[in-house]
Amino acid sequence: MSTQPLPPSAVQTSPGLARTRHILGLVVTHGLLLTGAAFILLPFVWMLATSIKPPDEVFTATFSLWPKRFYGVENYSYALTAAPLLRFALNGAILCGGILIIQLLVAIPCAYALAKLRFPGRDVLFVLVLLGLAVPVQVPALPLYIGLANLGLLNTYFSMMVPFFLSVFAIFLLRQFFKSFPDDIIHAARLDGMSEFEIVWRVVTPSAWPAIAAFSVFSIVAHWNDLYWPLIVITDASLAPPPLGMMFFANAETGSNYGALTAAATILTAPLVITFLFARRQFIQGITMTGVK
Amino acid sequence: MARVELRALAKSFGAVPVLSGIDLDIADGEFLTLIGPSGCGKSTLIRMIAGLEPQTSGSISIGGVSIDHLRPHERRVAMVFQSYALYPHMSVFSNIALPLTMQRLSLWERLPLIKLLSSRRRRVMPEIAREVRAIAEQLQIEHLLDRRPARLSGGQRQRVALGRAMVRHPDVFLMDEPLSNLDAKLRVHMRTELAELHQRLKTTFIYVTHDQVEAMTMSDRVAMMDAGRILQLGTPTELYERPINIKVASFIGSPAINLLKAKVGHDGYIELMDRRLTLQTPLEPGADVTLGIRPEAMFPASSEEIRTGRASLPASLRRKENLGSEFILHFDVAGPASVVARVPAGPVVQAVNGSVELSFDVAACHIFNEQGERIEPNPLDSCELSRPRTLVASGGGV
Amino acid sequence: MARVELRALAKSFGAVPVLSGIDLDIADGEFLTLIGPSGCGKSTLIRMIAGLEPQTSGSISIGGVSIDHLRPHERRVAMVFQSYALYPHMSVFSNIALPLTMQRLSLWERLPLIKLLSSRRRRVMPEIAREVRAIAEQLQIEHLLDRRPARLSGGQRQRVALGRAMVRHPDVFLMDEPLSNLDAKLRVHMRTELAELHQRLKTTFIYVTHDQVEAMTMSDRVAMMDAGRILQLGTPTELYERPINIKVASFIGSPAINLLKAKVGHDGYIELMDRRLTLQTPLEPGADVTLGIRPEAMFPASSEEIRTGRASLPASLRRKENLGSEFILHFDVAGPASVVARVPAGPVVQAVNGSVELSFDVAACHIFNEQGERIEPNPLDSCELSRPRTLVASGGGV
Amino acid sequence: TPLLAETTLDVLYPQPSFAKFHEPIAQEFMKRHPDIKITFRAPVANYDEGHQVMLRQTVTNQLPDLYFSGFHLQTELVNALLKRQQITEIGPFLDAEPAEWRSANYSEKIIDLGRVNGKLYGMPVNASTPLMYFNEELVKKAGGDPRKMPDTWEGVIALAAKIRDVSPGVAGLSYNVHDWPDDWLFRALIHQSGANMLDASGTKVAFGGEPGLKALTYLRRFVTETGMPLIDFDSSRQQFTAGQTGILFETPARLRQITDLVGNKFTLGTAVFPVDDKAKGGLPTGGSSAVITARDPAKQKAAWEYVKFMTGPEAQKIVVEITGYLPTNKLASGPEFLGPYYDANPNFKTITYQTDRSVPWQGYPGGSSVRIWRLQRDIINGVMRGETPPQAGLDRLVKETTALMQ
Amino acid sequence: MGFAFPAFLLLLVIIITPLIVLFYLSLTDYELGALDFRSVGLGNFQKAMSDPVFRRSLWNTVLYVSIVLPGAVGLGLLVAVLVHSRKRTRSFYEMIYFLPVTSTLIAMATVWQVLLHPRLGPINAFLRQIGIGEVAFLSDPSLALPTIAVIGIWQLVGFNMVLFLAGLSAIPKDLYEAAEIDGCANGIDRFLTITWPLLGPTTMFVIITTSITAFKVFDTVAVMTRGGPAGASEVLLYAVYLEGFQYFHTAYAAALTIIFLVFILIFSVIQTFVIDRRVHY
């Protein structure tokens, strides 16, 4: 059991080397991250730059960030007045809010049942849920459209929301989360006289809010930006959500006012960025706790 | 009044039997502890009493009334969980008040917003608050009522969990390892508090633990379980002094009982390492037996002369553990086996070293047959008392 | 050779000082335990020695050479974590082999796929395997080498963690509460194994715990820490028998030492509940003192007659805890305070009830002044020895 | 004079940006017809999407009362709607109007654009033929005369090659046929040589010979000789407005937008689309026609009123000024209406010089026009890239088109 | 159970019934707007198998997935690892990398077109500077799909980063410390010894969600290249869209949809297997 000397090849750290290594590490890390960030930001920089340019400066032979003529006021006021942008944002909020609320109302009890209750057909249901995860809206679009038409429900907020009422992703995420919820607390609640209904909403749900926050970000981002389905079911412009509204600017056949277009894009992206900013901490914590790891 | 009777209770998970044939009568106001190794079914049993897990067969009654068909909250039992199971998003006050609001308010009166409309609620809530405060005072947690459980220490959480159980004035308290999440010091302290609570409330307590110290110190009776059955039921002293088999003997007591292989000699006397002991059993000569000797029953022979009714073993000291007030001595003996003795601190034990004779009181030996069951020695007649002396090798000492 | 010296070591997290002015010499081959309440900085100290946390000031040297600038793996220390920190995705073999492969193979020889090309690797690996097997044999885990940590029991994981530390043949073993995740029985067992390992390896061990039993039973010396400083450094017996202040006295020993308020009388003798004890201190008359009396030093007076050098207190029994081999008796005394006595099991203690006189050996009292520091009593001259007898109220008893 | 009770017309139009003329026209109309209320559905992105929406809505009975169909999809739409009797023939309404009014407002050639199977189902609302845009500075630098731009393809190619040579990095011309969503630009190259896509029977490919080969050869030469970049049409337009392309062929509907995007960077000029066969050469007419899908006679009547207004000179003036389209009303170009505007904006007037070349743009039989064009486009793309020689490309074009026409 | 009932009902109405309808349609020759149709058995499926356009879209999709998958997962992991070790700048980087997830594609498509413009775009300006010359990213048939894929990566990196960050924060810190003592001195060693193996389950999840997302690529293609040039970027869902909504071959589109679903389901099955019994160490 004699101790062996360190192998001669091992170069020992000197105090100076340690510092150099630390600084070098910082340079490499930030170098990589900033390079990536530049790539990520490039479109946004162009978007912001364009949103303050007059039309004749949008396309020039040499690229410049700052316009010769500041046109931001015009572009933004045009974006806000030419189409009811705030109305679109409001529609987007109603749409996202409505979808989110129903998604949660449906997914939470289902996820709870999948995670904590034993009932026949549970595994079949779970497999179906996973199947649902793979189906994009494009797939059931046509039958749904015809169904809604027969019910006379086209061109309503409801018709825009209905295909998304069931979020299999939410069920999956929340099920993972609920699985780690202590059984003891549920037992305690039963002993205290709570019904299963109350257990779900008064005990399990309040503790799941990081996961709910995480899911909300996913859901809001997806439905705020969804174009495909509203395009199909909406014929009334006053119900249009943001991307549909954006089409008023992005249309290719005639005057695309790029300045106003990017201004509108900026205005309509901002709420999402702000949402993420606020939910960021819970978001990552929430995903961590859902066992998606 | 709150006598708990379990009759032929059994439970299987799927095809796996977990509990079988549990018969148990727990008197009103008794403190009964279920003890046993991990996985033996203690939690399952207590949860069946609470109604959280349906039994496969058998019946449970409280106060003479069968409760098999009752839902958990109708059973008039309260449970304290190992994890405390406090509602993490509610204040301590709400945690304790919850069972009462559930009991006394209708669903409508509990719904958010709608509840504000109820005038009955406005009448009932102050009552509940009064009761909660009374309980909190008893447990000395009044100052914590506004906190969330996350901001409490382990001991405080423990008390809140107790409060939540007490507020319902249940007929039976069920506790599933309520102290095992606490650190050693706090555990000792809470042990006392629980025992005193029991004395004060005089309610039936069914207490689950796998810590034999808890079982010994708090209980009126202890039921030692293993593999889904009750091995022995009795007072702590009975279990310690007359364990019915090796499992019970070695589970109870710390350091654990020393178990030594021995044989029944041709005349029925037990021979341990070729030394004949003044212990006679009804077993066949030549049968293998196991002798159980508690560590505190052994000490190095040099520390006192070998007296009547004692025997000794040659042993060599391997390690001494100083606990301050006492020493745990680890010896190697022939077998090869190791033997532990527990000796009060003092100059004598300090001096122990190398080979010694380990002396023990023959009357304190527990005898177990090959199946591990306890065998009572034959009573010794007076003439036997003098004979063994010659058999005891006089101690080598330090 | 592997003497560890800490000089004026200090650490702050931001502006918060966590350790200050730690000076400690640990001899080669010594088993030193750091003990202290939670948050006192034990982990921080040991992590600084390992190089996982940079110190704010001061220096650390091992074997006389400063290691302040060395990275953790260059320090020739090995660490066993409370959580074991085994690599969950590697087999036991790979877990133990990892430090060696890191040491002996270059980065290329470790890269996935590329490593297969190295011929040196093919030469080195069998050597490593041999060493790993040797360690595994020592720890009796050869049969587990292919398993993943998740499939091991607590004690087995513990051993693997030890193996991983041992395989590097470090100069110093650092262990941060390595036993606290084990259950009570296993903890007792592993305590012995660790102590024996130390005896065999004769390497320096620095061991962190907050369990005083571990500290007492295994260490050559114990450093009791509090709030980032070392309160007392000494052998276990020193700490138990001569704690330098109340904190040390009450941290060490279980059940905890009884602390009783007393006063210095006009002639320098200590008066406890108006009874004068045969203890004289150099303190001013009228000063407040605290008397520390270990539970094992007290017993109900009726159980033996009160002898020279003993005193007694009127007390009333609140609760008896039966531990099988002994009883813990809880008394209420005037103050109001509570006092714990620890008495071997026996018919006498069984009979104790109601009001008793609690007798204790005056020489076994620890005296602490108002600042909580230990005060040595003046040596008693022979004539003093007889006087106090009249002062001791003769016990009421059962 | 409310001869009708309040009638509401549900109108759907493609191209959201057309809101700029649809809205004011509807306002004006409602002022004049207080008994008719115009409500717009959310506009659809383009003619193709609009077509899909209409077809879906035939199935679900959600059709609007009035729709503006792209000319190239008109035939298919009408046929699909006829199957379910969901379309109203416009002919009877028009015939009921006074003859002199009709001849004063519409040229029969324009009205013919709305005929399907010989019956009038669509009333042409806006029309366009491809237009040449150019950068006057670049043209001048290359020795060209902005007021006398070449009117043959050889001439254009020569000028564009010059432009490229004298201004390095600049593309000579851009003719985005390889990327165009429909076959408008390809047809233009066939029609301009006096040929036709289909023979008189309307069932056989007619561009297989000389005209097709010539068109494909021109296209290849655009790339090789004039440095035309093979990029998408958005990018082409952007490059032109940035002053990096000499000549651009585009729809006049973009004139307003391009004028704005160019601003003061260079002088924008427009010229007529070069036509090799000055006698027979034609140009396919893009744009849209109003299609009445209302079922209720009162609504049909109201819809006809609206269509009349929409194709009237006041409304057409608005349409032209906002887009650059060719007006479909004869009076609109007159001095009362667009005259002064054209004088002030000569670039907008150019399109009127090629009015007479308008020929109808009709789909292929068999209902696979969209698919046929996608296939043709891929082949043309290959020819322009030089992957396929023009003759081989032409052979494939004929073969595949014929196959899909069944 | 009552709790799962609303979800089950919606599942039935929103997903299962339409799928059944779709499957039924795929066995007919229905065209949108047609008044009658008849059964053609598996004819549509046979046709799909021999349809070169469909085969090309299948191949394009596979190519797209095979670029996006390693790119978005690898870069997401790299960014997550780098960001995770930051303290003060962490939220800054998280925000930036998450931006594309929140952006509206309609606007971003135009922006990308301009950025990638061979003549006017800043990217080509940069390439010209370093002497590579103009690259027609979106119009060169060999580059269009990879370019769309890069944009796909751009959209997904932030999303995957967040998932990986969640995975990283679940790795016990003391493992890194143990590794450091054991001699894992540099980042590469630590990554290979701890991070990568312990991120296994996260990686599986990310790979599966990323591949499903990548299989579902539609918007970017529809908005930016419309399948061009010369079909070089025509992907599965776009082909389905063309058949269903441009050519109105509803039944054939339904058959293609079913094939698409089968493809994607293979991944879901893997997900069921791996995630639920995920590599539990």
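As written, the chains take the letters A, B, C, D and E, and residue 1 is the first residue of each chain.
Note that in this section a contact is a pair of C-beta atoms (placed from the backbone, for glycine too) under 8 Å apart; a residue touches a chain by one contact, two chains touch by 3 or more.
Everything numeric here is computed off the predicted structure, so don't read it as measured data.
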Touching chain A and chain C alike: which chains?
-> B, E
Quick one: which chain's Cα centre is the longest way from chain B's?
-> D
By C-alpha centroid distance to the whole-protein centroid, which chain wins?
-> A
Between A-B and C-E, name the chain pair that shares the greater number of C-beta pairs in contact.
-> C-E
Approximate Å spacing (C-alpha centroids) for the pair chain B, chain D | 92
Compute the distance, rounded to whole Å, between the mean C-alpha positions of chain A and chain D.
-> 40
Once you find the CA centre of chain A and the CA centre of chain E, what distance in Å lies between them?
-> 15
What positions in chain E touch 2 or more of the other chains?
-> 32, 110, 114, 119-120
What are the residues of chain A that contact at least two other chains?
-> 59-61, 247, 256, 258
Contacts with 2+ other chains: residues of chain B | none
Of chain C, residues touching chain B in the complex = 183-185, 188, 191-192, 195-196, 210-211, 213, 216-218, 236-237, 240-241, 252-256, 294-296, 318-319, 321-326, 328, 330, 342, 344
Touching chain E in the complex: which residues of chain C?
-> 47, 50-52, 71-73, 77-79, 81, 83, 85-90, 98-99, 102-103, 107, 110-112, 148-150, 164, 168
Enumerate the contact residues on chain E facing chain D in the complex.
-> 32-33, 35, 110, 113-114, 117-120, 136, 138-141, 225-231, 242, 245-248
Inside the complex, what are the residues of chain D that reach chain A?
-> 12, 14-20, 40-46, 49, 53, 56, 59-62, 64, 234, 238-239, 241-244, 251, 253-254, 256-257, 260-265, 322-323
In their shared complex, chain D is touched by residues of chain A numbered 54-61, 145-146, 149-150, 154, 231-232, 234-237, 239-240, 244, 247-248, 251-258
